[in-house]
Every structure is written in structure tokens, then in C-alpha cells.
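Presented sequentially are two complexes of chain A, the first with chain B as partner and the second with chain C.
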Partner chain A sequence: MTEAETDTENVPQSKYTKDKKVGEGTYAVVYLGVQKHTKRKIAIKEIKTGLFKDGLDMSALREVKYLQELRHPNVIELVDVFGTSNNLNLVLEFLPCDLEVLIKSKDIMFLAADIKSWLLMTFRGLHHCHRMSILHRDLKPNNLLLAPDGQLKIADFGLARGLGNLNEDLSSNVVTRWYRAPELLFGAKHYTAAIDIWSVGIIFAELMLRIPYLPGKDDVDQLDVTFKALGTPTEQIWPNVSNLPLYNSLRVYPPPSRQELRNRFIAATDKALDLMISMTQLDPSRRCNTSQALLHEYFTELPSPTDPKNLPKNKPNEPTVESNGNTTKRRKVE
Partner chain B sequence: MSLGGSETAKKPYVSIDDLYRKSTQFQMWSFTKSALEETKKKANENGTKVAKQRLLNEYNNLKESNRTLFEQYPQELNIDTIFDPLTFEEEQKYLHFYCEKIITTADFFNMATQVKATAMSFFKKFYLVNSVMEYHPKNILYTCLFLAAKLEYYFISIESYCKILPKTEPKDILDLEFIVLLSLKFTLLVYHPFRPLYGFFLDFQAVLLHPSPLMYDVNVDKLGHLYNQAKEWLNKYAIISYVGFMFTPPQIALAAMYDIDKRITNKYLQRKYLREQLDAIKEEQDEKKGQDEQKHQDEQKHQDEQKDEEVTDDNQSLESQQRTQYETIVRTIVKCIRIAKAETQTSLQESKDIDRKCFFTLNPAKMMNKKIKKLSSGTE
Partner chain C sequence: MSDKEALKIFSRKPVSDDMIEFLVATTNSTIQVKSSSAPTYSKVDGSRMDVMVTSVPRGYVSLTTFIKNLIKHSNVQTPTLMATLVYLNKVRNILPANAVGMETTRHRIFLASLILAAKSLNDSSPLNKHWTAYTDGLLSNQEVNLAERELISLLKWDINIKERELLVALQPFLSVIKDQLLAKLQRETMEKANYYRMSHMSSSSSNPTSRSSSINSLASYSSQLSLSNSLSSHSLRSQPSCHDLYNNGVGNSKRTPLGSKSLNTISKQPIRVKRSLSSDFNLAEAGQILV
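Let's look at the complex of A and B:
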């Protein structure tokens, strides 16, 4: 049995150093390291084995499955995969920060152009996923990682899935609660890429508000919070909504008026509001897709999106590769 | 198919084909017929070497402890007489037998087509890298199916899985899971022809029925029937054969349609590749002319004469280009059908013989001891 094993046993892991442990996720321990021959910084995600009595962890397998196919500047790069005595190791590009950390760093000011830049990169990455028929199903600020050069990368494909099959049931128990589209809240068994669009819409709002937009306390509360903010769906605006499994008599909230939304997002331009409204349509079939979003006038009107390398970064006192005086100064000023 | 947003500036159109060419399925697991054959042969040769070494270890041990017997029967106990590896053909037959077993096992568990097809792809890939003389196909089959179910969202727990499989412990499968993954080079996404087939079903309707039916006897029901039969065809021929390693999923889907109904599929292809593009060229020409008219009125006549010549030239070369393209597609499809249907039939007896042979190459000690026992009882 050893042929295959010895092949990879000695070679791949010696190509990387595993320097220090930086984090521990649900099914993996993450180490920082260096790819020896390029001196490139990498992260090694070592999948815990033996935790899952049914063999190799499913989320890890999905992550490998999709990241092997998705090569895009705005999707985290899977540099390599190797195994050591039944241990699965994913070598990922090193991404020192994520959007959640930035949103929470209240001393860092976001310009409208910064938000536009992050949103644009998110859509570029997501567009690539969707045209490959892959749904992410867990978009949230915490899964939008930031490279030292400012590029945003969609990460964590542990819940992703392909739209390979026709008419098969999908699990509605996906997406972290606050970013979960209404069709999922209603337990829809058939849904589309529109669930990811919704999540990005909520992230867009969060980037402007700097606090979570729809923070439901539990699944029931999530419905209430969502519809209080965006109106309760009716058969009129969303045909057949009442046939969804978990749909039942809800408190009826009116949809927000344009003025109400303007007040909610004071800094947003009309185009920005248009795009957000289009992403957060209750009826998934009315939500825009990634192509439409990318062509939206919000992205062409001024201000132009910030050049990624000039975007705000975390940890101003720890110099990163691209960091220059400019960015630090701006942060202090604003 | 879809626009690439701001990437449009560089490249206005990214086709499904462009994307497919980036997939690991295309980059790492697509072969010409001869390259595929070569890869399989190499796996068999390598397996033979491993099996020989395994036997040799056993042989030398036993020779040590049965010196007299080995001297007494130099013929019967000659290593070259004893060594009986699976030939290339036998190995292929054996694998085919197990491919059929994947289907029956998956059907037994009521697993979806997608799981079945992915497991089949995993299994074949595994044996492009390894040989049955290294890993017995039975547990590899079960492992591939288990892994495919996990990856295609039809998860079944290892306990309930093993409870139903004959004489199989969770450990038998879990120990192999990682080895299978390594052999697959961690490429786990498999594209199947079922989705493109559905796409063609829709496009056949668009092209052949709208705005008005092109063939007097073709309607939605007829196309629906064709679609269902083509789906069965994929299940029967495409999944089990190696066409997925030589053709793209849309090519295989078209092959299924073509083999079920050559007349309709041909009409579709002609319409799609000959007629449709001719229409497009005509529009382009008209446009060109329109622009020219606006420009230089004086020189127009002279220029137009020239242009007309050019256009007809272009037209002819384009027309023949399209014809070539159309013919290439038909040729590819026909080849795909031939390969899909050229399955090796293996009789049960044949499989049993190969099975015995395989068992002994994997367990040379058992075979040697049996032989020694027989020979030494014969001397008494």
C-alpha cells in the first residue's frame, strides 16, 4: 500500500516550513509557514483527523474539491495539498486579515471608495464561482479575507456546493444566520445563486453601517429582524412564497420607503441604494446576478473604487509588505 | 456564456468551453485514445513489477525453509512458472467487471446518478495510477462509492454503509480513503454529461421548434422522449466506459442524442453550425456595407466592387470553415459512440478465473503454501 504514500510522504511537506500556529477552526489547525523555494508566505490548514468517525472530514473535502477548480484573483488560492500519515494539509495563500476585523476596528475609517472596492472584488470572485456553477453558501465578512496587497479573497468553501444536479433537494440549513436569505429562512429546498447575492447585499449594508445589519438572535428572530427591515413578503411581491415549508403567519411589516432607506444609509448615493435594493429583493428571482451587479452604475459613478493597495489595513503598527506611510496617515486623519 | 464584468475590457466573452479547459478534469484527466491506453498499460506493468517483488519475498523465505522440496521440484517451483500476473487484457476485463459492480452497489443503496457516475470516475482514475495487483478492486470500489456519496451530498454513515456491504468493516474503507484521495491527486470535482444533456434538450426545443417547427414530426413530446432515452444511454454506455477521459461532457451528451436519433440531432447540428452562423455573417456584411455608404460617396462604387469580391472570398472560406467545424463535431460524436459501445464482455467464469489469479498475486504466501502442501503430500 505504501507506493502512493511514500511518494508524497517525504516530498511535499518538506517544501514548506510550518512556523507557528495562528488559529484553530472547527475542523482544522492553521499554521503560518513559508514555501521554501519561493520564500512566499503561506498558511497550512491541517485538517484534524479522527474527529469525524466517518473518515475524512466532509467540509475539508469540499474545500479541496472546489478550490482545486476555482483559480481567480479574488478567490483564496489553494497552493498545494499534501498528506502526512492520514493527515490532510491544505496549503493556502497567506491572508493576514479579514473584513470582519476591519469592520470592527472602529478607529479605521472607511471611505465610500473603499467600500466600493471591496464590494467590487467580492463580486468578481463570486462571479467566477457562479459561472463555474458553484455556490459559496456561507458568505460573511469573516470569510472575505484580505491579502497584504489589499486584494480581497473569498475563502472557506467548506459549505460550498455545485449546481450539478437537476431538481435535487438542497439543504436550507446553510449560511450563517445574519446573512441568510429569506428563501432559506423559509426552508426552501430549491434555491439558486441568489442566496449568495443576498449575503453580499447584507455585507454591503454592514460595510456602510459598521454594525451587523440584520442580527437575529435565533432563527425565529431572524425572520422578524429581516422583515422588520425589508418588509414582509407577500404573494404579490413574491409569488408562491406561502408554499415554502416554514412560511406561516408572520407579522406584517410594510416595505421600507426610499426615504427610510436613505435615512438608514446616510452616506449612500442613489446608485449605491439601487444596487443594495436589487441585491436584497425578498423574491430571489428578482435579485440581480453577479453580471448585472458588476455592470451596475454604482461601480462606474464617482468616486472610483480605491486601488486595493491603498485600502485600509489592519494593525497599523505591524508593517506589512505593501504598507507605506500614506495609508497609516490617512487612518489617523479620519 | 456570461460576461466577466470589468474583465470584459480584456476579454469580452468567456465561454463554457474556456472554463472547462481550466478544470482539473480537462487538465489532468483528459487523454487521447492512445495516451489513455498507454497509461493503463503502464499501470499494469507497474503492478506486475510490484506483484513480482511481493512474490519474490515470499518465495525466498519459503525456499529457505523448504530447501529439499525446492530441489526436488525445480520445474514446479520455478519462480517464473509460479508467477502468473494478470495480463493487460485480463486487468481491463477485471476492472470492467467491477465497474458494473459499482452500478449494482449504488443502485442497491438507491444512490443518485451523480454519485454513481462520480464513483465510477474515481474508480477508473485510481486504476490509471495503480493496478489491481497492488490494491484489490473490491474495497477500492466501496471506498470510491463512499467518497463519492460524501462529495456529492448523499452522505451515508460508515456504519450503515458497512452493515449492508458483505464482509466489510469500517476500517477496510476508512484506511483506503486517503490512498484513494492521493491517487486522485486531490482532484474531486467531476463533470458529467447529464447537465449538458439537459441544456441540449432545451436548446433543441429553441432551435427546432421556434419560431415554427422545422421538422413536421418533431414536437416537444418527441424531444422529451429523445431526452429521456439519451439519459438512459448515458447511464448504460457513457458512465461505464472511458469516454469521460477522452471527450468533453457536451460532446458525450450530443453523442447520446445522436445515437438515439441521428436525424433530429443532425438537423439540430446543421441548423446550429451551418445555418445559424451564415445568418450572422449576412448581418455583419450588411452592417459593413452600411458603414461604407456613409463614408466616401465618390469612391463608393469602386470600393464596393472590391469589397464585394473580398466578401465573397471571406464568405466561401467561412462557409467551408463552418462545414469543417460541423464535420469535426459529427466525427467526434461518432467516435465517442463507437468507444462508448465497444465494451468488453466478460463471462462469469472468466471473471472468476481472473479473480483467483488476482487473489494469488496479492497473497503469494497463500498460493505458495498451497503449492508446497500439494507437492509435499505428493511425495509421501
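Let's look at the complex of A and C:
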């Protein structure tokens, strides 16, 4: 190859450095790097199967499509995308931490105001997605990334999809198990943005408990764990639930009383409980939407949400990066 | 009856022959190809014809057949084809006008656009090896992958679809839908008006305030209509037959003083419409279905 052919200005990968590998899985490798002309820190998500065999990878394609559409302070920024010989590279903003890491760092204290701040930013980002008719379909603490300035950013849109035609079948095999809404557990082919609300509700609970709220061991156990905590749905509280494909032979648990929930979430105020109950309604049509959540009194009562720059951060010597955890298992949309 | 509603209605329709024809025409407009299929060769001298015929690849089918088969095998629905159209339009705008492809270039462009649309929209999209099979032997898996890659680099990864682009791409279909909706609306309004004419013929005049407000909403609606239909050159005004019906039904009534006064200050519509609407019947119901 001659000098002329390697003209660096026109080769996208030469605009960035790939400095350090920070995560690897079957699906992608994540590198830290720098955008040369701005000296800005970036993360490069190199999708291994991006361009060969079955052509462009579907998750990567969706991630690019939706991130191009969604520009919001609480959604991860897609800086660039380029293909090399066999790989597809997504250049993303550098986000050093995620909520899962913080939740697991038991030496870090969460104030009620901190939790409120994270939840507020999550809802702002999610409101933007839902307003554009985009369902995320994989919300979990691990996909809520934290910028150095404390801003929370929703990431990993590999399972996202636009909500268009109502006659179309949607896959119910979405969302990481612990955060999967009951209609998905029942195999519903038609669902709404309420599945994301459920996930955020479960994340809210996890932020307060500091352990996963509904950790099912497998898909069957997930039903049991979910209904043990929140009651088994019946035709009375959720009309037509028994028509869903996987609704059968359920153990019937009573719904938890208010007092029971108070005991479960000792630190939660009544408003906080109200919001969580409204997000974790079994019947998806009864769940609040992002607008109702953002206007909820929980966010206006004291304490005010912590200023993002004062939120807890993980220790600088343990950097984590987007997809660090979830690259290990590749999810499929069937 | 905005463009958005027309889009929604269109997206729920089954794939029509018109849509397939439109896809073919749009694909044809993306690029010129070196030579076209058999019938035009008849006047070419023998030796040259041989060359051309052998240049047609094995398994070659017309673009129309190709597209029909792809749609049949993959069972893609209208929304996916709508997105495909937008990508085809993008390709046409990107490729230079003097670009020339080979026999199967258009086939490849169409297939790549369809794959891109299907992968980004549907939860259960065929894999490229399936798409390869759907080409009935025209393209290899490698060629399908390559076409997809070339499309995405041609688009410079700009795979987002904006509502505007959909409206532009589908304008011919949308204006038909809007015309049909408009006609239906007018028919219903007329029926309502006639119904009220019958039921109120003998009763005394209704409350003047409710009448003027209903007329107000009707008038503002019809001005909206003519705005939104500027593209399809279709508005209430261009439907004399409808107005005649109105007038036949209600125009010969003389009991109009209050209504016509208030209307003159409210509406910018032609007098004829105003008069027909300002007659003494309670149009509140008719106004409501329109707003």
C-alpha cells in the first residue's frame, strides 16, 4: 500500500486511538481510547461479528439507528461508527462507571436524595425514548452508566425497537430476567412502553435494598419470585391476563399490604412507595408512564435530588466501562 | 386527517400490486444499468446480441419478479417496505446521475435496502443466508453481505428514517388515502346534516350560541382541510357537487339571519358554503365529528 492510499484523514479508525481493552465477551470488545483531534476520551465498542457471516449484526444496527435518533443528556452519545475489514466499531462517549458497580460497592452510602437523583435522570432519558416511540427493552443497573460529572446515561440499545404497527408481533424474549415485566414472563406478543417502566421500578427497589429485588433463578422461578413479592395477578386486577400464552398453574400469592411494603423498604417515604407501587403494577395498563412519573410528588418532596456532580462515585482505580458486564452474554432477539 | 394519519392508515394496509410497482419504479430510478433485458435486443445484430445475452447472469429475473418473490418468501409487511422506499430514495440522491450499474445492480440495491429495513424494524428478521435463498440463486451469500455493506457505507451509516422522508417517499399513496377520507367525511357530514334537517324541520330554532360555535369549528376545520390538501389539490371548495347537495338540502330555507351574520365575521370560506352551513339547523353534532 502506498503512502497516498493510507491517507489518514479519510480513514475513520485513524481518528481514534484504541488504548486499552477494558472488556471482552462473545459479542464485543470494548476499548478505551481518545478522539485524536479533540483529545476527548471515548470508548470503542468493537462488535466481533459485525460484518461477516450474516452480514450486519442486528443489535449493532439497532443500536446505531436508535442512538442516532436519540440525542439527550441522559442517553449515551454515539460519537461515530465505522467498519474495518471484519469488524464494526461504535465510538461512544466515555462513561467510567455504572449503577450496578455502585450498588455492589457496599462501602458507598446512598442517601435518599442520591437515589432520587439517579431515578430522575433515568426517567428523563427514558421519557425521551418513549416520546420517540422507542422501547429500550433491556433496562438494568448495568446499562445505566455514569459520566464523570455524575450524569446518568441510558446505554445499550441493542435490544431496542420502535413501536409502530399494533398488529405486529413483538418478541417477548427481551429484558434481562430480573427486570422482566410480568406480561413478558407470560409471553405476551403485544406490549407497550410499560415494560420499561417495570424495569425502572425494580431498579428503584434495588437502589434502596442494595440487592436485586426479584432475582429469579430461571424463567419459571422468576414468575414465582415476582408474584411472591407482588401478588399473583388475577382476572380481577388484570383483565384477560389468563389469555396470555404462558399463564397457567400459578401458585396464588396475596398482594402485599402497604405495611408489608413499608417494612420491606424501611427508608422509603410514603411518596416513594406510591411511585414504586405505581411503577410495579402487575397490569401494564395500570402502570404509570414517564410523564406521570416525572410529575410525581416524590420528586418534589424533600429531600431534593442530589446535584449530579455531588453523587457518589466509584473509586478511580477500578474503572468500568459500558458493556463490561453484558458483553459476556450475547442476548438474541428471536 | 393529517399526513401522519394517512401514513398510519397506509402502514396497516396489506402489500398491494401498486406498492410493488412503485418499489420497482423507485429502484429503477436509483441507477441506470448497462443493458436491459431480452426484448429490446431483437433489433441488435447477431454477434452483439450473443455478447449481451451471455452477460445476463444465470438465474436472472426481472426486477418485478425479483421483488415479488422476495416479498412472498420473507413475508415482509408494508411498514418494512415503507422504510425500504426511504432507503431507495436516499440511494438515488447519493448516486451520481451518470452512474451505471450492471444487470443485477438494481436487484442488489433493492435487496440491501430491504434487509436494512427488515433488520432494523422487525424482531424476527431473516438472516442473510435466508435472504440469499430468497433470491432464487441470483446472488450468493457473499454477494448479499457485500451489497448490504456497500449500502451502509453509501449511506454513511445515516440509517435513521424521518417522518418527512416517509411523507415524501409515499406521497402518491397518501394523497389517495386523504382524498378517500375527505370524501367519506363529507358524506358523513352531509348525512348528519340531512338527519338533523329531518328531525328539526318542524321544531323551533335551536339555541343561537351553540349554533354559531358549531359553525365556527366547522369553518375553521374546512380551512384546515384546504391547507392540508394543497398537495393533492383537493379541498371542500373543489367539490361543487357536495355543495350543491348541501344547498339542495338546506339552502332553500329562508330562516338564516342570525347564523349568517355571525358567520360573516368568523369564516373566510366562500359565501356559498357559509350560507349552506348557516341555515337554521343544529349542526353541533356535525361540528363535533369534524373536530
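Methods note: the second predicted complex is superposed on the first by the 299 of 334 C-alpha atoms of A that agree within 3 Å, B and C clash if a C-alpha of one lies under 4 Å from a C-alpha of the other, contacts with A are read in each partner's own complex, and residues count from 1 in each chain.
Everything below uses one rule, namely that contacts are C-beta pairs under 8 Å (C-beta built on N, C-alpha and C of every residue); 3 or more make two chains touch, one makes a residue touch a chain.
Bear in mind that the values here come from a model prediction, so they are computed numbers and not experimental data.
In the three-chain model built by superposing on chain A, chain B clashes with chain C. Once chain A of one complex is fitted onto chain A of the other, the partner contacts of A:162 extend to both chain B and chain C.
By the touch criterion defined above, A:64 lies against chain B and chain C together after alignment on the C-alpha atoms of chain A.
Of the two partners chain B and chain C, it is B that touches the larger number of chain A residues. In the superposition on chain A, contact of A:123 is made with chain B only, not with chain C. After overlaying the two complexes on the shared chain, residue contacts for A:55 are found with chain B and with chain C alike.
In the superposition on chain A, A:218 makes contact with neither chain B nor chain C. Contact with neither chain B nor chain C is seen for A:107 once the two complexes are overlaid on the shared chain. After the shared chain A is superposed, the part of chain C among 117-125, 207-215, 243-251 or 261-269 that runs into chain B is 117-125, by C-alpha clashes.
Residue overlap on chain A between its contacts with chain B in one complex and with chain C in the other: 53-56, 58, 61-62, 64-65, 68-69, 81, 83, 161-162, 164-165, 168, 171. Chain A makes touch with chain C in their complex at residues 51-56, 58, 61-62, 64-65, 68-69, 81-83, 161-162, 164-165, 167-171, 333-334. Note for the complex: chain A touches chain B at residues 1, 3-5, 7-8, 53-56, 58, 61-62, 64-66, 68-69, 71, 81, 83, 86, 88, 120, 123-124, 127, 131-132, 161-162, 164-166, 168, 171, 290-291, 294-295, 299. Across the complex, chain C meets chain A through its residues 11-12, 77, 79, 115-116, 119-125, 127-129, 144-145, 148-149, 152-153, 157-160.
On chain B, the positions that touch chain A within their shared complex are 1-7, 14, 19, 22-24, 50, 112, 114, 129-130, 134-135, 146-147, 150-153, 155, 157-158, 173-174, 177-179, 181-183, 186-189, 191-192, 194-195, 198.
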